[in-house]
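Below: a set of structures, written as structure tokens.
There are two complexes below, and they share chain A, which is joined by chain B in the first and by chain C in the second.
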Partner chain A sequence: MIDTFAALAHGMAVAVQPMNLLYALIGVFLGTAVGVLPGIGPALTVALLLPVTYKLDPGGSLIMFAGIYYGGMYGGSTTAILINTPGESASMATALEGNKMAKAGRGGPALATSAIGSFVAGTIATLGLAFLAPWLVDFAVRFGPEDYFALMCVAFITVSATFGDSPVRGLTSLFIGLTLGLVGIDKLTGQARLAFGVPELLDGVEVTTLAVGLFAVGEALYVASRRHHTEEKLEPVRGSLWMTKEDWKRSWRPWLRGTMFGFPIGALPAGGAEIPTFLSYSTEKRLTKYPDEFGKGAIEGVAGPEAANNASAAGTLVPLLTLGLPTSATAAMMLAGFQQYGLNPGPLLFAERPDLVWGLIASLFIANCMLLVLNLPLVGLWVRLLAIPQPWLYAGILVFATMGTIAAKPSVVELSMLAGFGVLGFLMRRFDFPIAPLVVGLILGPIAESQLRRALAISLGDPMTLLQSPISATLLGVALIALLAPFVLKGLGRFKASED
Partner chain B sequence: MTSGDPVQPPRRVDRAGIVIAALLAVLAVVLVWDTRVLQTTTMYGMGPEVMPVVVASGLALLAIGNFIDALRGSLPARESADPVPVALILVGLALLIAIIGFGGGFIMATSALFVTTSAAFGRRAILVDAIIALVMSTLIYLAFDRLLTLSLPTGLLERLL
Partner chain C sequence: MFQFPARLVGAAVALSLAAASPTFAQQLELKLMAPAAPGGGWDQTARSMQQALVASGVARSVQVTNVPGAGGSVGIAQFVNGSKGDGHQLMVNGFVMVGALAMNKSPVTLDQVTPIARLTEEIQVIVVPANSPIKNAQDLAAAVKADIAKVTFAGGSAGGVDHMMAALFAGAVGADAKKINYIPFSGGGESLAAILGGKVTAGISGLSEYDGQIKSGKLRAIGVTSEKRIAGVDIPTFKEQGIDLVIANWRSVVAPPGITPEQKKTLSDAVEKMVKSDAWKEILKQKGWEDAYLGGDAFADFLKKETVRVTDVLKSVGLVKS
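Now for the complex of A and B:
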């Protein structure tokens, strides 16, 4: 307890250095500006802005990252409220009531409750992160390679199979990611896999190329393909920006309840802010004193899910920082950000670079405060960004997206891969395959493989080592249950349906 | 549950789903085929060829799963898609790659992508867009080249600056 306060205070001292404050400010500003663009969620925001941080030192870069992460989250909810195009599924619940509020001329209070709710949830959840992390680190130090491998199996299954619409499509996405993760030189034996004699492939598939291709190019192709279906309409922010006393009274409980849903679910390696946001939405709908307002723009329906969304974003940092386990596409991009400096999040990083880790956690607090101060006054600027005509917007997004790749690796092969991943992203959207498992598979697959091989090398090739460690055996059991549960439940549902 | 409605018309086989299943099966074969040249040098534990085979088995199972879904026609409903704008953007990406590949430089390449994408989203003022694109990419080039000192590919236009 005392240690945590000391570490956090030390982190604060790092984070409030003028240069680091500036990095946090730039991160928050860029994150919001990019995140507010329609169709760009936090994962893509982080992926697009990753090249910007190439030239910084790791400390400053991670602090800027924290700002980009929270800024992108906030920007996404602004888009959801004002034009009803949630950049990602976690903002869908916000769009439900938020857009109705904006249509009814209450866009200002909707934005305000989401900003303040995000701040409240983000602060509580970051505190939760600060106190939970050291405890988990103590536990994780005892993990052997076989335990890590089992833990990653749990993450693979929960991210892809357990909570999605279709376990088959989720697992398909995961396995395509695992396949891409195999490309390149095998680190243990130096042999090339799936490189087909192309020298550019020996280094493996770049996570940023994959993410930008899937999210930016894929999204542009998808929106273009169905432009004839929908017309986006930007709701102007009319009337007062501020919340009335009544709004405050109706908002604070949903904020806290949303946080309670978001943080624990985000912290479990279950992945995704979708579940807590919709749990929060349905809870608020049940508990509200104004049930007739739901569906027409109830402020509780914005306050709760927004808080849940932000709290779960901070929650996903718990497994990411303490175990190196990304459980969402955004967290996978954060891990890529660490890896660009050769840093591997996990218990070791807490021991070796406490300044980095705690500086990052402290920066999350600072980024949160900056967002609160920046966003309400600057809402006019963000709204103007939203008003860019769609042709120029997507043309600009594509130029920006390819620019990152051109700057990092200006080769025909790399750009072709970007275009290829764009087509893949388009097809996955069209046929309703989830994208996050693919990104997680690419980034976590090679790590899982090397942990497994290390475990088997230690046990002299005896696979029973996976079951002899109690931690690993338990985790593998959890993974198995998580894999079978959706199929069993589906079978039960079918059984029930036939009984009716 | 999806099977709850008894008066549903019998679903048709989803052809796109069959293609997806076939592609997954092909990918599985490629993975196994690729391992034939790998040498197992490790004494204990697993060599580099094990993981591809494991992933390939998973892909093969998923190909069967997707095949069953396609036969049942239980894929989620899709809205009609307009192929023209998709093709236009892909042409833009192809132009970008070709221009970079043949040393045409950053400004020309990204301008081509900007104009085709903008056209894909329904703009018809190609000349205006081309001017906007050239100005924007020139500014980006200058910002990267002079301020961030990151090198972007240079062509004829860049050398004039």
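Now for the complex of A and C:
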């Protein structure tokens, strides 16, 4: 512990060198910019910058890359909240409540709680990275396919929180998502499924294309169709631009809970950022004192997922630094950045180049502070976007969504899918089907399927493997309780009622 | 609008590098396609080429584009149909694309492109957890022969180089390759976790990916797939352990179909000059890639032979129906 503090202090000394501070500033600025633009993610940015940074010193450029990574996470939530266009799949949960808040004139507090929540989560998770990394990585490595499958079971059961009022409509939406998840090459046998001979479909349906189509394009179509019925007036600011005392009171617990989901799951080699954000969303929905507000813009639903999102970004660095395992596209590019200087992240890196590792971790703290300073003043500027007249705003969103999709994957098929999902999103809104379960199905379905099949292949087809692993057995137990609890509680309630 | 800033940065990169090199800038302007997403092996090869071509003054500017999808099937289709006869375009490809095209029944094949040169190769390794009872390749061979279904191999995507290597290993020790229990993971990261966690018997990957764990003693390397021992690699080859298993994950560069012999010569010369530059050698050292330059007709022959070999292996494991 003392050693860690000494090392961190030493790292701080490296990170506050003026040049390194400058690199961190460039990094967070670029990161925020590319996070806001759909299509250009942090991974592509780092890829473009790799040749430029070739001649810089390793410490400085790695610090810049880390800044880009954290900045991208901040920026992605801005578009999700303001124009319902999640820049990446991790900010999808944020869009659910965040955009509702923005439409109700509470965009300011939504952006603020997401920025501060990201800061809090990023800071705690970076502390976790500094102190818990060696211990956490041992745990993460023990997570086998059967344990991932059990985690998916928990996730599947809790997504019912995103179903809205009608379970049948929610399940319909979920199953459309699961079906879309089947499209493409089957990971375990290499055979194509539901691709109809279209090569672009072999890699499956891109989550961001689906999300942008359903959320942004679908919404634009819906608003256009309703224009003559009711003139929905968007008020950019209603009440305070800043978070009220009440907002703070409702935000701090979700921030902490979100961090608790995001950091450990992000550290798992196949964890990712989507699962913790959705787990956090459904937890907040269950725990809230204001259940009526969910679906209409509840601040807890922004604070929690945003914190989970940023905490998982720090979690991703645990396997990268300790094992050399890149678990996201950006992490893979950072690994390439390490290799550019002949450094191999992994068990030896902490021993061989402590100045670099601890300088990087220390600069993550600095990048986090910079992002907060950079983002809070921007809140006032961003919410003015909403003052743009509706037809212009939605036309702009359509352009934005289309360009982003083309930039990410330049193909006619991809664009047709965007349009198709836009129509689907419109129909679902028109007939009152919830959209989130569809996206959740697309993300979780393929993971659950391949992990289950991997587990069964390893156990030679014996399903008991799911219960023999202690982690898996515990998680399945949690899933069972989550499934039965509402019924039991309802039953008890009835019992009590009949006693009276 | 969004691609524009990306291009701008790319152009700025090229410009700054061109300015940094004191050589006379030539007029060669190239477009280089990486048929994969940023971050993977092909993308890194393309960006390294960009760096070396410009730094050594062979080309004035090189623009890298990413066309991801289906092991390169989407990229090659676009390349063959969209760049026909264009002498300023190149595409990076490799061993994995040969298998992907066969498995996806791609209408476009590598026969249609103009081969330029093989650039690099990475040798492959089989590892076991440090506490495994398997000590060397013969132990693993014995286990495979005893009950092939119980030996689980973890590696990259189905039909990729790792999968084929598992099949070739089984075939080389006289077991039925069709029965191998191969568990594909997405990317080296996830499979590494499964091996370290003792969930599988053995893991297969490129050597550089597991190097850190092997050196730190968490994984035991039981054999590498090079023909002879490579300097600086203290791991016995399969050949010296009496198992005929030689395979390498090579990467190469090709030009569009329908280009003139002059255009082909210009591109081949440019690539040859790049391979000999100090900038390229420096990159190879950093990335741990072996120089495997093979140009001209020799490469065209090699490409044909590998295509036949890969298709045979894929048939033997039932991934391609004969």
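As a working rule, the second predicted complex is superposed on the first by the 254 of 500 C-alpha atoms of A that agree within 3 Å, B and C clash if a C-alpha of one lies under 4 Å from a C-alpha of the other, contacts with A are read in each partner's own complex, and residues count from 1 in each chain.
In the analysis below, a residue touches a chain if its C-beta (ideal position, glycine included) is under 8 Å from a C-beta of that chain, and two chains touch if they have at least 3 such contacts.
For clarity, every value in this text was computed on a predicted model and none was experimentally measured.
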- Query: So, does A:175 touch the first partner chain B, the second partner chain C, both, or neither?
  - Reply: first
- Query: Thinking of the overlay built on chain A, is A:366 touched by chain B (first), by chain C (second), by both, or by neither?
  - Reply: neither
- Item | Contacts of A:460 with chain B and chain C, given as first, second, both or neither | both
- Query: Which holds for A:391: it touches chain B only (first), chain C only (second), both, or neither?
  - Reply: first
- Message: I'd like to know which partner A:189 touches here: chain B for first, chain C for second, both or neither.
- Response: both
- With the two structures laid over each other on chain A, which partner does A:341 touch: chain B (first), chain C (second), both, or neither? second
- Task: Using the touch definition from the top, say if A:145 reaches chain B (first), chain C (second), both or neither.
- Result: second
- Query: So, A:406: does it touch chain B (first), chain C (second), both, or neither?
  - Reply: both
- Residues of chain A that lie at the interface with chain B and also at the interface with chain C: 54-55, 186, 188-189, 399, 403, 406-407, 410, 457, 460
- Show which residues of chain C lie in contact with chain A when the two form their complex. 1-3, 5-6, 9-10, 12-13, 16-17, 20, 37-40, 43-44, 47, 50-51, 66-70, 73-74, 77, 103-104, 106, 149-150, 152, 157-159, 163, 181, 183-190, 192-194, 196-197, 199-200, 209, 211-213, 215-216, 218, 285-288, 319
- Message: Give the list of chain A residues in touch with chain C in this complex.
- Response: 37-40, 43-52, 54-55, 140-145, 185-190, 192, 199-200, 202-203, 269-270, 319, 323-327, 329, 332-333, 336, 339-342, 344-349, 399, 403-404, 406-407, 409-411, 454, 457-458, 460
- Residues of chain B touching chain A in the complex: 1, 3-4, 16-17, 20, 24, 27, 30-31, 34-35, 38-39, 41-42, 44-48, 51-52, 55, 58-59, 62, 65-66, 69, 75-76, 78-83, 85-86, 88-90, 92-94, 96-97, 100-101, 106, 109-110, 113-115, 117-123, 129, 132-133, 136-137, 140, 144, 148, 150, 152-153
- Task: Under the touch definition given earlier, write down the residues of chain A that touch chain B in their complex.
- Result: 54-55, 165-166, 168-169, 171-172, 175-176, 178-179, 182, 186, 188-189, 191, 193-194, 196, 217, 220-221, 224-229, 390-392, 394-396, 398-399, 402-403, 406-407, 410, 412, 415-416, 418-419, 422-423, 426, 430-432, 449, 452-453, 455-457, 459-461, 490, 493-494, 496-498, 500
